[in-house]
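For reference, the structure is listed below as structure tokens.
Labels run A, B, C and D following the written order; every chain starts at residue 1.
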């Protein structure tokens, strides 16, 4: 878990933080927060719940804009953030998921904003944010209500919609392995949006099932290079959002 | 190397081809050919030389547009294609490499075309070609001669150049492992442009150091998913371009 | 009225047209059934938006791994030769034209190929998911649907009344009563229930049917 | 004239300003030397355009692995915690502002921060490589260069005469005679050789030097 058996000259940098509270310390009112995961796969439940704990104790962070494919399930994770009243706006593709009542209630009451983005456009906008591409063209949504007000252009006889990059102040993500330099791997389909969000956020905070020393992840198998990661915290026994939801757990 | 020990119902698809000649069979006069590799790292020397053999035997393929970061080194690989007279135009970022005489001679004689593209723009244009993004904006080259004639736009007070996707008829690439479904891994830094080219070409042909059966590559470690690959040929004892160049080998 | 096809039978019929070696995306819900009916001797590789290629059947209950799900958030298994990738690469496959077929459900499909399958109007919470990408990416976009709504209204229409998912994107429609191609902005009838007349079918369709010389029988096994 | 710094000494001076924990790209050729002079106790992680993060020194002759090279096509080694990635991801790091510092060589640099380092004019074969991306991506773009050309002409100029690599992108210049910041489109002199007068330096510079109250001594160890 630490780098003590490395020669000090090789590795001084260490991005590990001691606990979840430290990990979410920099997240402030009004920030744009990207949250990794698609459904329960890759959802950083412990980081989210640490953020809720802080909100409950201090009233902050609130008024957040949260970016995720969905808008929370049941009464845990992002749904619990919404229930707690921390979220001013969701940017997502599919706010109707298995049990979307937290978002649905607030949305129908006019208490939460929604920017609906087609899933591939959402992924590409986040990717563009990380890659320094301020705008790109996609065929998705051309001629639909979702494209209203956006510039369109024709290339080779086909119509496209111009979309802007999407960046965040912070990304909170779940990884399988992290080394102390922030290199990450993900478990199975849990990577989904996380490698994109890691690059698109000014600060990227990661909960990893295991923190290893530099060199323990094969350089060919790194999915998110450490350059995109600012803080890693080990959460060995991370909960699975889908399992919690099926157990009917409520966090907020 | 084949899938005989799989249950037939699991795997019918097999993208392996028996030899290098079959692998390059579909490459015709006038095509745009992306060639993987950066310097000698990832250069598919055997596929290139099979293409040269075909040209010498049949006079075809000629008049090719070749996409690579460089424009060939010494008298082998892309340089040998140029020497042989198969290449009408190079699209590349850096046609001056260690020993660029093949390109330099033809270029100064006006016998070969050049589209010079900044390296990051080249990578992103190829990536856009594979990703269905017809155009995007980049800060690279703004205000320089390279941007002349290209649309520019301002986003958030900064200027950007609009760049178009780049696609190819064929990509020829070198991988480390391939399974019979075309899933690929690469050795060390040899991946460079290859995963992008695999997606941007209508047909992607790969020489792999070893062909394995589906399931032998961990799904988390696949770098190029098989959906981007059409044909794989095993070249167990592949030559290294840099080593050949240092030996002074001439192919054309 | 003749016995219409069940959803499973519509899915079966759509599955028969999937070419050997095809890369296929199935919309969440009803279209997922198509995977069950792959004809023997043909292999398709299934893609799901959240970053998995070559997944297989659902695991047995209790065997789920919730890190291994499809776009509908249902647990899946892997077939040999699977691959994981992130969402931008996944939609590069979609948008970049690498999928051979996408098969989607729908509320309405118009004779000009317009598809409306994401919103039933301004009420409630809108949700679009990956449909707006899928309709523009796959080489062939097919729709499977009941021929009419629960109220008996046509789902195949001259012009969509609901918010569009995509413009001019659908090329084939498999319904509970017929198989139709969309060609030159018209529904061309390819197959119909053998027990149903063209007139009966036309009466249940909101746009004029083009009738080629040969119209096949739409027959599916009991499922 | 005072003894100017050698290339190694210029590289040494630039290396002193690299923050602990910085991600750094060094241009091919002379700037590669900067890596050798990392101050003890500070760690930088080096990026190379062809898809490697955290590489180390060159291998011994005969130990080269030609699949493991840098952007200059020279053989490299890896440090623990390295990562490989493809070219689009590599330039996402560059263009996306993830590098802390890029240190490049140059033909000319102008007082407005314009850089000309890719072409000496219409003759010969043009080649740009990754420079046009690097100048816009890194949080800090620095240049290391001899203060004058081989013919004694200024390389620090009012306006570049050679084709530009990037507009207004350079913020610090390390030369064989001085260290300068580019602020408000002017060269601000931060350090100069202690044996050289400001007038002597001004005479070798093609744009007016801004002189702050404190100008440090540019001193480097024998290397």
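Definition applied: a contact is a pair of C-beta atoms (placed from the backbone, for glycine too) under 8 Å apart; a residue touches a chain by one contact, two chains touch by 3 or more.
Chain-to-protein mapping (UniProt): C, D = 3-oxoacid CoA-transferase subunit B.
The model shown is predicted, which means the values in this text are computed figures rather than measured ones.
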Which of A-D and B-D has more C-beta pairs touching across its chains: B-D
Length of the line joining the C-alpha centres of subunit B and subunit C, rounded to whole Å: 35
Where subunit B and subunit D are represented by their mean Cα positions, the distance between them in whole Å: 31
Centre-of-Cα separation between subunit D and subunit C, whole angstrom: 56
Residue list for subunit B, restricted to those that touch at least two other chains: 124, 127, 131-133, 138-139, 186-188, 219-220, 223
Multi-chain contact residues (two or more partners), subunit C: 52, 84-85, 88, 91, 94-95, 136-137
Category of the chain touch graph - line, ring, star, complete, other: other
Contacting chain pairs - touch in the sense defined above: A-B, A-C, A-D, B-C, B-D
Subunit A residues touching subunit C - in the complex, by the definition given at the top: 38-42, 69, 93-98, 100, 103-104, 107-108, 114, 116-124, 126-127, 138-146, 186-196, 223, 240-243
List of subunit D residues in touch with subunit A within their complex: 20-21, 23, 40-43, 45, 47, 52-54, 78-85, 88-89, 91-99, 136-137
Complex contact set, residues of subunit A against subunit D: 6, 9-13, 127, 129-133, 179-181, 183, 199, 213-215, 217, 219-220, 222, 225-228
Residue ranges of subunit C touching subunit A (in the complex, touch as defined): 49-52, 65-69, 73, 84-88, 90-91, 94-95, 119, 124-133, 136-137, 163-167
Touching residues (chain side subunit B, partner subunit A) in the complex: 124, 128, 131-139, 153, 155-156, 158, 160, 164, 185-188, 219-221, 223
